[in-house]
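Below you will find the structure I want to go over with you.
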Amino acid sequence: MGAIIQYVQSYLDPNVKVTPGAAGNLFWALVYIMLVFGGLSVAVIAMNWLERKILAHMQVRLGPMRVGPHGLLQPIADAIKLLLKEDIMPAEADGLVFWMAPLIVVLAAFTVFVVVPFGPTHAITDMNIGILFMLGVSSLSVLGIVMAGWASNSHYPLIGALRSSAQMVSYEVAMGLAVVSAILMTSLNAEGTGTLSMIGIVQAQLAQHEWFIFKFFPLGLVAFFIFAVAMVAETNRAPFDLAEAESELTAGFHTEYSGFRWSLFFLAEYSAMIAVSSIAVTLWLGGWLRPFPNLLNGTPWDQIFSLFPGVTFLFFAAICFYNTVRMPKHPLFRIQTIGLAGFGVVLGLIGLILFVPPVSVRIQDIFWFSSKVAGFMYLYIWYRGTFPRYRFDQLMQMGWKVLLPMGLGVLILTASVALLQQKIWHP
Amino acid sequence: MESMLHITTLHYLVLGAALFLLGVIGVLTRRNVVIVLMSIELILNAVNLNLVAFSRIWGPVNGQVFAIFIITDAAAEAAVGLGILIAFFRNKETVNIDEVNLLKW
Amino acid sequence: MTDPNTTLSPLELESHDKTYLDANELVINMGPQHPATHGVLRVILRLDGEKVLGLECVIGYLHRGVEKIGEHRTYTMFNPYVDRMDYVAAVSNGLGYCETVEKLLNVEAPPRAQHVRVILTELNRIASHQLWLGTHALDIGAITPLFYTFRDREEILKIYEKYCGARLTTHAFRIGGLQYETYTGFEKEVTNFLNFFRPKIDEYEELLTTNRIWVERTKNVGTISAEDCIALGVTGPVLRASGVKWDIRKAQPYANYKNLDFEIPVGENGDTYDRYLVRMAEMRQSVHIIQQAVEALPEGPIMAKVPKVMKPAAGEIYHSIEAPKGELGYFIVSDGSTQPYRLRVRPPSFVNLQALDVMCRGQLVADVIAVIGTLDIVLGEVDR
Amino acid sequence: MAPVATPFFFYLFAAIMLIGGILVITQKNAVHSALALIVLLLAQASIYLMLYAPFVAGAQIILYAGGIMVLFLFVIMLVSIERSMKERQFNSQWLVGIVAATALGGLFIAVYLKGKNIFPDHVLPVVENDNTQKVATLLYGQYMFAFEIASLLLLVAIIGAVVMAKKRI
């Protein structure tokens, strides 16, 4: 107990830089696992609500409005419904494989968060091969998808599984090339040694005073673009959602799944989205670094930027209060109005807590990282609202004939430019 | 008991040998070509395990480099082997290795 | 249609091929419960991996025997039934039926009635194309156009509701003219709708026409030549997209289309993208037609003199109109009694659906969905 | 500091690997075999981590579990396995096979017993962070030629697989 208090004290003291997730510190690794996975579940729930709302507003409709004020409790209602639903297994299915498939997908999607760096000290662990681990483990979810499709013993899931495995395997290649060109950039220091560690990659960007998306313009940008396309394909989302193309294959590999097992697939899909966005943020968008760390530096700017987390939550609270005022004054809406106001109060309180200096300093990294990831999440929703779906052969063509040569070209160019820079410009 | 708890290189080597034997038994006795191919993967993995264990005791990572080469080789082998398997299945409609007894079809 | 295999049905092909065993071959059954078959169409697909080797449509899940019912109802009583065939273009169905019976009776609807008929049918054409666009885009994976088109289709349905009280199966016309006079402000509301709708077409086009994915998904997909179209009896936008300038509104003008100025949009390649462009252009032309009809809306009676009990002279008649989906024809044989001796409908969806096999051979599974969408079939009309 | 529970984890993963290996060669259903093999490969990746070979562990996960095994599952799906499941699983020389394997095992045991003492008992101190660099230096330095040949091998394998598996080229 004393250790905990001591730890919390050291945590709140900005001068002490503890690394709670360091290897060997099993207790704090466990605490961080709880925190990250709790946060992840909340993020998935919020994402569910936000996707439905944002998509609805893009499509001139309201989205969920019934359960809770502005449908805020809808994801919880959905979760309860899914958990209470009868769990159906087709009679001809292969029981063991059918049972294991969603577990593998969920495990693969969740395990990658072990190395996601929410801040220099906010990570479960820092692995020497962090990015390799992330790519490797996230590629394991293909196995689950293939198993789900095969175990259902039905044509639509089988085609869906074949499609999605072929898609994920092909796009992994382009993705890997883009990642390699970013890792190459980490080696542009005096010693000439790069790193695969997720924290190391962000620190390399800090040391080079440049996010890798702007490095060797436009090479970093092109690599980022390749990754950004490949990551959408990798997570089977629109416009690459062929594996679960509703109009063609009903629901693809999870056609035969229902209830809890289906919700596991759902959970895995959203956490995989967050995971690949985290990779993109870490590799190209400076991870936990705040915007313009070089241009707007100095203590006053630091202080201004440290206000951002609190202000954001206060802004959300203000939106809640505004909508509370706009609620119909009918007695039927009384509970909803109170609920919305209460939600606003909670958000406002969180915002106020975030203004307390020790907290606000500590929360900076997490805030910037999460808001960058949130930007990607919005992009995902936007794509879904805008694009039609690619056809399978076009998708393959894009992966192998467009993104792969582009990735190779970017890799070679980045290497040449880096070599030139080291040998000629700064000998 | 003390020696049991202290993990030495020999432990890894014994594990590797056991895997190797399992792979050999699989290759020699199974009739399903897919499982035979998987048994070959088992054998390659056993070799990898030994290489990595040796590189751990002697220091230099040459063994790990060879392990990576073997993984590459396994990928090539799996691709060609499964390609042959598909061609075979298309003509004979079976994956039984005992039926592969003709030099032509 | 050059491949000799095309003469065999997919199921025959299967036995035909048995000597050559194929690990990838798959026969899958799409529908009748499938989100993209627009109702209860069942398609048996024979696939090589993702490639379509052949397909067979199985229809009849929505068969209600409309034509047989017609033989047991009087001419007036049968009128509402035709709305239930192509329920998204109910007004056109009604127009075709009323004009056929009028031709049989040798009556002509008064000019005002004809103008209102043109306005309502052209509105219906827009509504039908909107529904097509939304569902077609949804099939290809763009979910947003559906909501845009339904938002705007609502305005048309509101006009219908105000005019005759119904939104979908309107039963708007009567044999000999109209039952109801237009409501106050009808012209103004229709004009308002036109002004509201013109920029909306641009909005749809903005989402799709130049969208790279949309173009890639629709260009050179489900191509059908003009000869094949004519050989299969395909009509409507599908025929016009193949480059044949055939529109019954121009070729055999009915109602008062001969007084109205409009153009027939024609495509070149006969692929899904051209059919999309043709339908978009048709919506613009419909707006143009309605504009003229509203401006020239004459005063006068809305009902011709029609006997209370209709007993057309014995004989037979075929009359067809250009419904949103193609040529909608009615063939009625009268034996001089109050009921038709035989009634037969030539539904455009049914005839166009025959082209599905020709259009899908050699394409991929995803294209089958796109082609079903682009044919714009309504199963109520296919099965009748 | 040595990792906390090395013996425990070693025996855990070794048990997983052995059980997985036995399942691979005894299962009737090829998909179940493949699943057992995947579990085995992941356990082996963990053992690589215990041997301070993180890069090989990562390559094992990406290439073996995420690549090769997907290929296996893919092919198992394409070839229908219902028939082969009903057939006899082991061929007629199973006795010979087992005898040969046992003899080989005996040989292994003999060699290990004899050479038990040649392995140094001390554990080298490990700088964990430079493993990837060391591998890279060797791979692109000393073994550059082998690396190129490996890439050529992969190219040949791709072409060979396509030629074999495609119906009409």
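Quick notes
Labels for the chains are A, B, C and D, by order of writing; each one numbers its residues from 1.
One rule holds in what follows: a contact is a pair of C-beta atoms (placed from the backbone, for glycine too) under 8 Å apart; a residue touches a chain by one contact, two chains touch by 3 or more.
The shown structure was predicted, so the numbers you read here are calculated from the model rather than taken from an experiment.
Ranked by how close its mean Cα position lies to the mean of all protein Cα atoms, the top chain is A.
Chain pairs A-C and B-D differ in how many C-beta pairs are in contact, and the one with more is B-D.
With centres defined as mean CA coordinates, chain C is found 46 Å away from chain A. The mean-CA centres of chain A and chain B are about 36 angstrom from one another, to the nearest whole unit.
Averaged C-alpha coordinates put the centre of chain B at 6 Å from the centre of chain D. With centres taken as mean Cα positions, chain D sits 61 Å from chain C. In chain C, the positions touching at least two other chains are 22-23.
Contact with two or more other chains is made by residues 86, 89-90, 93 of chain B. For chain D in complex with chain A, the touching residues are 1, 4, 29, 31-32, 35, 38, 54-55, 57-59, 61-62, 65-67, 69-70, 73-74, 76-77, 128-129, 131-133. The residues of chain A lying in touch with chain C in their complex are 55, 58-61, 155-156, 159, 238-239, 241-242, 245-248, 250, 384-394.
Listed in rising order, the residues of chain B touching chain D in the complex are 4-15, 17-26, 28-32, 34-35, 37-39, 41-42, 45, 48-49, 52-53, 55-57, 59-62, 64-65, 67-69, 71-80, 82-87, 89-90, 93-98. Within the complex, the chain C residues that touch chain A are 26, 28, 34-36, 50, 137-144, 146-148, 151, 207-208, 211, 213-214, 216-217, 364-367, 369. Within the complex, the chain A residues that touch chain D are 24, 26, 94, 96-97, 100, 127-129, 132-133, 135-137, 139-140, 142-143, 146-147, 149-151, 158, 161-162, 165-166, 169, 172, 193, 196.
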